[in-house]
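You will see chain A twice below: alongside chain B first, and alongside chain C after that.
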Partner chain A sequence: MNKILRTLIPFDIAKGLAITGKHFAKVFFTANRRKVRYHIVSEYPEVVAKIQPRFRGRLTLLKDEQGEIKCVCCLACEKICPTQVITIEKGKKEGRKMPFPVRYDFEMERCIFCEFCVESCGFDSIILNHQFELAAYNREDFSLGMEGLGQNMFEPSPVGKFSVADD
Partner chain B sequence: MFKNEEMEINLGPQHPSTHGVLRVKLRLDGETITHCQPVIGYLHRGVEKICENQTFFQGQVWTDRMDYCSAVANNLGWAEANEKLFGITVPRRAQYIRTMLNEFNRLASHLIWLATHALDIGAMTVFLYAFREREDILDMNEAFCGSRLTTTAFRIGGLREDLPPGFEKMVKTFLAKFPTCLEEYENLLSENRIWKKRTVGVAKLNAEDAIAMGVTGPVLRAAGVPYDIRKAFPYAAYAEMDFEIPTRTEADTYARYLVRMAEMRQSARIIQQCMDGMPEGPVMAKLPKILRSEVNEVYHATESPKGEIGYYLVGEKGALNPYRFHVRAPGFINLQSLPKMAEGGLIADIVAAIGTLDIVLGEIDR
Partner chain C sequence: MPIPTLTQSVVITLIQCLLVVIFVFVVVPLTVFAERKVLGHIQQRLGSTRVASGHIGVTGWMNRGMWKWGRIPILSYWRGIPGLVADVLKLILKEDIIPAKADKFVFFIAPAISMVSAVVVFAAISFVPGTFFTFPTWFPYLGGLPVSGGIADINVGLLWILGVASVGVYGIVLAGWASNSKYPLLGGLRSAAQMVSYEVPLAMSLLAPVVLTGSLNFGDMSARMATGLPAWGLAPQILGFLIYLTCGFAETNRLPFDMPEAENELVAGFHTEYSGMKFGFFYLAEYINMTVVSALAAGFFLGGPWLLPFGLQGLLNPYLPSLLSWFGQPHAIFFVAKIIFLLFTYIWVRGTIPRYRYDQVMSVAWKYLIPMALFNLLLAALVRCFAV
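Showing the complex of A and B:
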């Protein structure tokens, strides 16, 4: 008898509908409030995405207070890199005891953002910044170096316009 | 006039419910499957060979990319296999953090399994709800190691950094709401008549066949064999944890669903215990700067969300890289039971059979 009733009256379906209905009502009736607690999805391109402090983004070279490059060409990052994306050319600069990187090339298209290079660096001369919007139109834009205006190793990569509101 | 002919069709490799690039050759008699053969290798990258050409330290990044749904569990296996090879003892705090993150990863992996498996069978709602909770776990991954999916979470000898500030609060908020979420999924699915029609008695694999084929993980436990490496050969801090191994005896898709749901509850329990009993101290053992191996071989198995993941490493004298590296991937071996599950069943049920195995092709093809 019980089984027949359960077959005839769809309790199970009603249970499921009650859950979805509850969630719908929660969001629907609080949508216009200033503090929306139940929204899970963020409006990403318009609202800046929240990033944790340890986020691993693009490799960046650092300079010290005098504007000198901190890197001393120990080649530790070049050796540890699992995908061999870093190429450093050693050189010398007048008035500087430590070696000076003449070239510091970074092939971003192969980078897997593992942060081994930063970990291996004993001079704190590189970090991974918090940038994740790294798309570009040309393949050449992924070859980063110390020179160039838009894509160099010291500044964040240029980010294109993404929002309809910006146009 | 009508001849009784068998028809051969391909399922995949671009079929969305084959969980990647799995191709299954099917021979059909009407709607019944008479022959089933999985074809793999579309995602082969040669991870084992790459790792043989890289140092022990670098190899970890490739284990992330094998089973990308449970990268932390893969990292743990790799780190522990290497620690076994070099005879390194890991600090206790690091063990606890590893255990906790591994269980979080099990939750994330089981949630993505629940989401995609339900979606394959036709329950769209669970997909959205499960991904909502998985997002919190990925946020915790990001807070701990800086990446969400390809984590590279551990290092040989311990951890790179301690837990970030605010991590405890994240764990507490998650654990407070997670049991309610699990109840929600169960309310949506467990009693649902469509779900039961699609899963009860479908894709059976009894214990004998499962053991003969080397199947591990929830698929084996749903057949009534209480084999879990966390209990059988405890690693990390599992020896100090109090948890149960959920088993079922029905050995069908529905039983596997129940086993995985019960496992998620146990994982939450382990995480709670890790948080309560977290010891103080360093998180990294003292290591030589360059790891050079001796002539030695090591096999280390851990319980990944999919089953037993084993790393086999052979060391050469004075070498920086392993002489031989092999992965016993749980998905690869579990997939071999697909013909046994699917043959004799209906073609509509093969989607359930693939989903219930919880395969990730990145791991199978390697």
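Showing the complex of A and C:
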């Protein structure tokens, strides 16, 4: 009897309609407001995407307060890298006791962004930054080294000109 | 009031047709747009907000412009509108493929049948009783002549509407058959069974207004349903409205009765083999059918051009203060507002209820809706017998 009544009188449908109607009204009336908004999508190219702190972006070499490279060429990152995208060449520098990386090459095209290198580093000298717009038109642009304009290991890669996130 | 000559009345009728066609072709694209937006909002998305996905070139320029204009509150809801132009252009410019083994003539005629049967129903729908507007006297040739609220508010309007609307099944079945392919055929057969089944409770739920008003004329019926019923008339109206709306969803092949084009079972159902503007005609016909069903529901059950639904207007009118008498009068704007609300309901229900299984669809029609429609008819007959 209860079942027949529930079939005849559409309570469940009314309940569902109330739920979806509530969602619709909330999104409809808050779609414009930056602070109080109910929709869960971001409008990415126009609005800068919000990134979680644990996001794993591109590998970056860090410098200390004096502007010295923190890396001491222990080669831990090079050894642990599963795809072997890091190549380090040891060297010496005047007035520095620790070894100094003459070359620190990073081939991003094969990198899987696993963060093993950062975990293995005992000197906190490398991090994965928060950059994700890493597309490029040429294969050469994925080979990063210590030299180069913009395309080096210290600064974030230049964002492709097809993005409007900087505007 | 001057009496129009034959040519003048023909010209006036043509103007009415033009107005109705403009109404339809304004409402239908907006419904398509609203479908994207409303479904998006229901799922906590924003719906369509850009043209294509370009960041460069013309579309990129348009996207950036729409983003800038969207900061003004009301304009932000319309950001996806230029995408409609792109959609229509795509439909028109796309290659029109006819399968090699298809029955060429039937394949060609099927979209036309469903389109025509959808549009022609509007002939018998009157948007407002009496005169819609009168041409001013300075108007050339037609000065001082009245334009009535419907194209042809004929005495057998309901018969005409039901008869022509049921021809629409032919469009779908013939499309499924002429494609000479498995999925369209299955879709066409399903839709034939479904639409024939739902035609019965649909017609029966419309019989209740016929019994209550004793007329088949659309304008007459909507006027009497809105203003000429006693309080007892509420019960058969509300029940009849629910039955009619359910059958209307099924008749227009909308979710949750989306059998003919069950996407995950039948590719795209009856229009799998169609492309280009032929597919566009099916698409248009679906949305025009939605508008027609909404117009009928608004006219018969929601009070038509009067403000209040379910005959409440007739109960309220004697107590209406003279200051608010504008709300007691019929206006085309109320009718259009009701149509738009019902179109929103279509999308709302689509975003809420999942599709029924095929046997469930059939059992809803035969086991529940037809007995309920008969019961509703009995209620209407009792109201007619004792209360009117």
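Just so it is clear, the second predicted complex is superposed on the first by the 122 of 167 C-alpha atoms of A that agree within 3 Å, B and C clash if a C-alpha of one lies under 4 Å from a C-alpha of the other, contacts with A are read in each partner's own complex, and residues count from 1 in each chain.
Following the convention adopted for this analysis, a contact is a pair of C-beta atoms (placed from the backbone, for glycine too) under 8 Å apart; a residue touches a chain by one contact, two chains touch by 3 or more.
These figures come from a predicted structure and were not determined experimentally.
By the touch criterion defined above, A:13 lies against chain B and chain C together after alignment on the C-alpha atoms of chain A. Within the superposed three-chain model, A:39 lies in touch with chain C and out of touch with chain B [touch as defined at top]. By the touch criterion defined above, A:28 lies against chain C but remains apart from chain B after alignment on the C-alpha atoms of chain A. In the superposition on chain A, A:128 contacts chain B only, with no contact to chain C. Of the two partner chains placed by superposition, only chain B is touched by A:56; chain C is not. Judged by the touch definition given at the top, the superposed model places A:66 against neither chain B nor chain C.
Contact with neither chain B nor chain C is seen for A:2 once the two complexes are overlaid on the shared chain. Common to the chain B-facing and chain C-facing surfaces of chain A are residues 10, 13, 16, 19-20, 40.
Note for the complex: chain B touches chain A at residues 54-55, 57-58, 61-62, 125, 132, 135, 139, 142-147, 150, 152, 160-161, 164, 184, 187-188, 191-193. Interface residues of chain A, counted against chain C in their complex, comprise 7-8, 10, 13, 16-17, 19-21, 23-24, 27-28, 31-32, 38-41, 43, 45-46, 162-164, 167. Of all the residues in chain A, the ones that touch chain B in their complex are 10-13, 15-16, 19-20, 40, 51-56, 80, 82, 112-116, 119, 128. Interface residues of chain C, counted against chain A in their complex, comprise 38, 40-46, 49, 55-56, 60, 63-64, 67, 70-71, 73, 76-77, 242, 348-349, 351-353, 368, 372.
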